[in-house]
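There are two complexes below, and they share chain A, which is joined by chain B in the first and by chain C in the second.
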Partner chain A sequence: MASSSQNQGLSKYVTLVSMDGFEFVVLREAASVSKAIARMLSPTNGFKEAQDGRCVFGEINGVVLEKVAEYFYYNYKNRNREDVPDMEIPPELCLELLMAADYLDT
Partner chain B sequence: MADELPLPRLRWDPVTESFSKNAAGKRVRSSPPASSDPALFSSDDDPSADNYTQERRKKKFRGPWYHQRPASEESSQESQEHAPEKKSRRTFERQFDSGVFMGSDGTDVDEVLEELESRNAMALPVRHSRGTQSARRLPTPEELVQGQIQRCLEEGNESIDLSSRGLTTLSNATIRQLATLTPIPPVIEGVFTRLEPKIKVFLASNDLTSLPGELFNLDRLTVLSLRGNQFEELPPGIGKLSNLKELNISQNSLRSLPFEILDLFSDTSRLNSLNLHPNPFYQPQFPPDHEADKQEEELQYKIGLGNRGRARHRRGAVCSVSLEQRRRSWHSQWNVTYQARTEVRYLDINGTLSKGPNFCNDSSPIPVADANDTPQPPTSRGDLSRAPSLFEVALNACSRHKDLPHLTSWLPDDSPEFFFDLLRDVMVKKDSGGSKCTICQRNFIQPRTEWIEWWEIAKVIERNAMASAASPLRQMENERDVLESMVPLMRRGCSWLCVPEKVAVVEDAVVATE
Partner chain C sequence: MISGRGRGKIRPPRRPGVGGHDEIPEFETQWDILRSALKEIHTKNASKLSFEQIYRASYKIVLKKQGDRLYDRVREFEEQWFGTEVMPKIRQLITPNLINITLEGVAGVTANERRTTGEDFLRGLKAAWEDHILTMNMTTDVLMYMDRVYCTDNRKASIFTTSMGLFRDHILRGRLTGSELNTFNILNSVILDHISMERDGDTINRALIRSCAFMLEGMYETDEENDSDKLYLTTFEPEFLRASRAFYKAECTNLLQGSDASTWLRATQRRLAEEETRCYMTITPLTVPKIAKVVEQEMISAHLSEFLAMEGSGIKAMIENDRYEDLTILYQLVSRVDQSKESLKVALQARVVELGSDINKNIQNIDFSGAAAEPAENGEAASTGDKGKAAKQQTQSAKMTAAAIQWVDEVLGLKDKFDTMWKKCLEEDLILHTALTKSFSDFINLFPRCSEYVSLFIDDNLKRGIKGKTEAEIDEVLDKATTLLKYIQDRDMFERYYKKHLARRLLHGKSESSDVEKQMISRMKLEIGSAFTNKLEGMFKDMTMSDDLTSGYRTHISNLGDLDRKQIDLGISVLTSNFWPMESMGGDASRQEDGTQISCNWPSEINTLQESFKSFYLKERNGRKLTWLGFLGTADVRCVFPKIPGQTGNLGRERRHEISMPTFGMIVVLLFNELADDESLSFEEIQQRTNIPSRDLARTLHSIAVNPKAKVLRKEPENREVKPGDKFFFNTHFTSKNIKIKAPVMAGAVNKVEGDEERRETEVKNDEHRGYVIDTVIVRIMKARKVYSHQNLLMEVIQQLAQRFKPNVDMMKKRIESLIEREYMERVEDAPVPTYNYLA
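After this line comes the complex of A and B, so read on.
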């Protein structure tokens, strides 16, 4: 991503924290797929999250956030591919993930 | 009932013109007097069914109940007391013309009749209540249609006429049965031939807005009439009907057709008759610089030359053909050519417009894109990829969820209305067979790009047929054909990279017009 070269001073990984305290350390570049996270972490916006690279989501629980992190890597891995495989999601998580996706703008 | 106390006998006082209880005289019964007078009074002193074995006369009273004086006091009182013995007084006569009890019948008629009657008396209220039940709930149009399909299946009838049934919905389960339809094979020259069914489905003049996806899995469907319904869009699955010979989609609210409908004109298909109009199709608006004076001239062309002059329509401006069209081969009966397209609409993950033209709902024409237009995705999302959004992935999981119709009830109450609409939309799309990206063939739920292409679809008229039928009537028909042959096809893509191919400007299109 173009932004990664610009933001040399920033850490390569960021931490996503769920409402029940689970922490997921993911590549900043992968997590930036989410427009909401990209905005939180952008140093120009001056959010607290940008300084320590830690995003706390008060409305997303650990199970869902784990899937979200998995999606970030799925998207990151397939970003330049022509035939993208499907990502499997357990049916019981579909609604919560839908709302998380809407919130994260992913 | 029988053990109810009979009313105390009242004495008629001629002086006061009324009954009196306390007049001298003994009570008929020694039972204690009722604490109060009965609230209701009926001459049906014993309404049990046994009392109705023969015609009875109801006692007639005149005036208020406390003035009651039966016509003959003595006889009525007597008949009450002797009620249990009534059986001996029954008089039944044989009905020799009834056809049930013949003169030679040796059975005891009275006994049988009595049994019959008591059974009737019991059955009557039951039957009555059943009658009111069925009156309360009429079968829905769809249930009637299911019955009809069942009959067609039993008779091997290939022509399923469901027109004018007031249908508003048609479920997959109803249509699925048709896949098992087998016609009765005719005997030709003494030999049974195995027959492939040629299913004809007529759904004309109903109020349908969506079609079940199973309809498009009926690969033996040869005739499909959807005339006079409320469709605003047809499901893309319609392109799967490779054996379709006749398709009628006139008199709907269609603004465009699915791009997949072009599959019906490929060289392996059999489409012979197509009725598209009238429908409020989107009209293309060509760049203004070369129309004003040419418009009339072109109309002349169209009227005079019919099909042959058509390619000049685009003369000097954008004679372009997409690469894809050159790769495809069309049925020789149909003249199918790409004409123009709109600019690409880029949609955000939740379906809101991010960039591109608006396809408004009024009848104003939509400007077409320049032939050299290359779609530029909005820059808001950084690098593009073909990977689906998490939103799409989750929607897909919802769509595959086995309890999809009830998913909305699991949404939190405070969630935005948009989610409810979205899930309802997912359900409709799933029922009608889903949709595939017209560029990369991937299944999607929420399109990310969409644009309209106008294709000219017209039946090839044979030269000699035209020469022989050079009547004014024929020419009129041609003119109308020309004006209506521009068909808008909706194309949708699953990612912002799924956009129209670059079109190649070809010279031979002009040459072909001679």
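After this line comes the complex of A and C, so read on.
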């Protein structure tokens, strides 16, 4: 699906793949909150990820990536609002999420 | 932040590649990944690479606190890359030709060749630069984590900045083998060479140069990247400005020698526009103000005065020939370099004064030629006495009056010219307007008779000039008059003349329209103030009052009922004595030394009439004194000339004529009523009987005994001069085609230029008057200040009188002396500066 992006300019969706093989299809705009992902997909640089719209994260597992994708949408949905409550985060995932956030520069 | 208690245990984060001891090999493996990736990036093969993989490699290195090593490695990699890949290509492009151009300028190479080699070089450099930017962008992205964590933590410049510095140092500043030059020098000189080609009219690849300039703009002297440290600003721009300065200096010198001011103006304008587009299209907008300044300095400021003074095309010629376009450009250029437009101002002022003095001189020459012609003609007429002199005086004064009006017209013409110029070319610049006004006022006041001439001009226009003109045209004339008035400094002098001229206009009914007269007065009121027009308005009021009085008196008489055919119809003007300039209206002849008027002997008919009017007038206005001024009025006298026996035609019949003559004339003619036709009266007899001052009498007799049109009296001897001893007869042989005849007005009744003597008199009177005015002003000031220093006093007097005239310092000193003598004030003895004390 997203692999056809080359022909029709940028596709609206990109696929995030976790180390254990889970795939998340998310809005490109939402995912671009992460600077790392944004650059990864930047067409001017033309890396592999940019070409097939598919980012494989070798060190993030599915559970964490799911939470990351959830955050992307949470953030995207509330992007124009003020006084948005914090997102609910299960404590056991805190540290790993923190590391992922650092990695993705979110 | 983690407060959920007991809900499962917090899982420790999985440490990526926790190798413990094998840190170095770990680094090397990651670096290997990175290095090959960088290579791929530099060779534009990025599509094979996974961003995530490379990113993760750098991430891991930084996480292991090996950021510094990574940083250095990347640096080394770049340096190596420049050395082995980029520089050789650039070197190839630098042909010996290019080096020659850089070193010694143009030598034996055609422009075309220079252009091609230069363009090749620029293109190569541009390509290298663009590749570099592209790869470095990618590299930076890949190494983002390092930039973010390592560089910020250690206060290092980001890898992008560093690589820019590397490009600067290795490519641009890289020494060329065997010479002192580096790429930079060549780049600069190639661009400059291209620009100078374009200045000479060649076409060049602007976009290419623009991107090179852009490259320079993108680099900085240091890694701090201060805006003022852009390589463009530190290296290229000064070079560019220097080259341009030299170029324009040469160009301006060429223009100065080889062409005229008009070409110069256009060239400068064109160059300024060119440089601006060049900055936008070819170099960078940053330089616009700087290069404009260079052009301005070299092309405008440096030789402005020389161009202005150019014979045949300088500012003189521009003004002369109405070269509005040139002047417009000139104004624009000058206002670029100098906000106060000093040089233009001076040039314009000089021109105005010069043209104005020409006008002044011309008029004075006319005066002179008129005066010079007279003695010559007098020589011819010497044998016949000076019978023609009076007539000649008449024509000469008419000529002078015409000259006066000509002067005013010319001044107005000049003013118009400069006004159109000001509007068209000078963008209605205020500074210049003030300057122009000032120089107009200067040269007008240089002309000693300006007040008189302006007043005469107004007089002329109000008498005849406005006949048959529309309101708008009249307005225009009045506007002109007011403009001139504004320039005149000696307003009191003008007032004097204006009063005199106005008095004549009013009393002799010469004024074309009282509306226009009133408009003029109100304009003067606006322009100069009501103190000035006070008396003038009084004169008008007198005239209206007099009309009322005349008709009132008529009704009064007819109500009395004794309508009698012999009743004399009286039209009267009652003049308030201090509004009207008695002496200049001719009253000084009949004035005794104590200032009272000598009354002439009125005929009895007139006397009764006067008494009757006087009683009518004083009935409502008690306590006033009426003085009859015979020299001002006119009278319509019905004369019957008897038929002369033995004559046919007109002379054979009885002839009735109604003659309008001066009042004095009437008195004289009435004398002859009591005489037989062949009896005569001598001049002295007439004077004795009438008590008319001899000067007035001579004038009166001249108009009724000499003038052929109304020769009611016959004179013996029959010549044109009226002298004591002459005899006068009633002219029984008088004939005329007209029933109504107008005896010509006395010489004093026409407004014309004053003779030299009259003029001196006027000046003396004016000075006397000024003396009084100064006295009052000084006393007023001293009264307010009590103690005041000499200097301040003079200043204040001048300031207070500025509206009316420019007092002369000597006169003020004299007035002060006289006031001290009269004990209005005294000198303060031991004051450091001369000071006066007011004595109440």
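Simple rule for what comes next: the second predicted complex is superposed on the first by the 98 of 106 C-alpha atoms of A that agree within 3 Å, B and C clash if a C-alpha of one lies under 4 Å from a C-alpha of the other, contacts with A are read in each partner's own complex, and residues count from 1 in each chain.
Note that in this section a contact is a pair of C-beta atoms (placed from the backbone, for glycine too) under 8 Å apart; a residue touches a chain by one contact, two chains touch by 3 or more.
Model, not experiment: these values are computed from the prediction.
K.L.:
If we overlay the two complexes on their shared chain A, which of chain B and chain C does A:46 touch? Say first, second, both or neither.
P.N.:
Only chain C is touched by A:46; chain B is not.
K.L.:
For A:35, select first, second, both or neither according to whether it touches chain B, chain C, the two together, or no partner.
P.N.:
After superposing on A, A:35 lies in contact with both chain B and chain C.
K.L.:
Figure out whether A:56 sits in contact with chain B (first) or chain C (second), or with both, or with neither.
P.N.:
Second partner only.
K.L.:
Report for A:99: first if it touches chain B alone, second if chain C alone, otherwise both or neither.
P.N.:
The answer is both, since A:99 touches chain B and chain C.
K.L.:
What is the contact status of A:91 with respect to chain B (first) and chain C (second): first, second, both, or neither?
P.N.:
Both partners.
K.L.:
So chain A touches chain B in one structure and chain C in the other; where do those two contact lists coincide?
P.N.:
35, 90-91, 93-95, 98-99, 105.
K.L.:
Which part of chain B faces chain A closely enough to touch in the complex?
P.N.:
349-350, 380-383, 385-391, 393-398, 400-402, 407, 410-411, 415, 419, 440, 442
K.L.:
Would you mind writing out the residues of chain A in touch with chain C in their complex?
P.N.:
Per the stated touch rule, the residues are 35-36, 39-40, 42, 44-51, 55-59, 90-96, 98-99, 103, 105.
K.L.:
Given the complex with chain A, which residues does chain C contribute to the contact?
P.N.:
Within the complex, chain C contacts chain A at residues 1-4, 7-14, 16, 46-53, 55-56, 59, 134, 137-138, 141, 144-145, 148.
K.L.:
Of all residues in chain A, which touch chain B in the complex?
P.N.:
Touching chain B: residues 1-3, 32, 34-35, 38, 68, 71, 74-75, 78-84, 86-87, 89-91, 93-95, 97-102, 104-106 of chain A.
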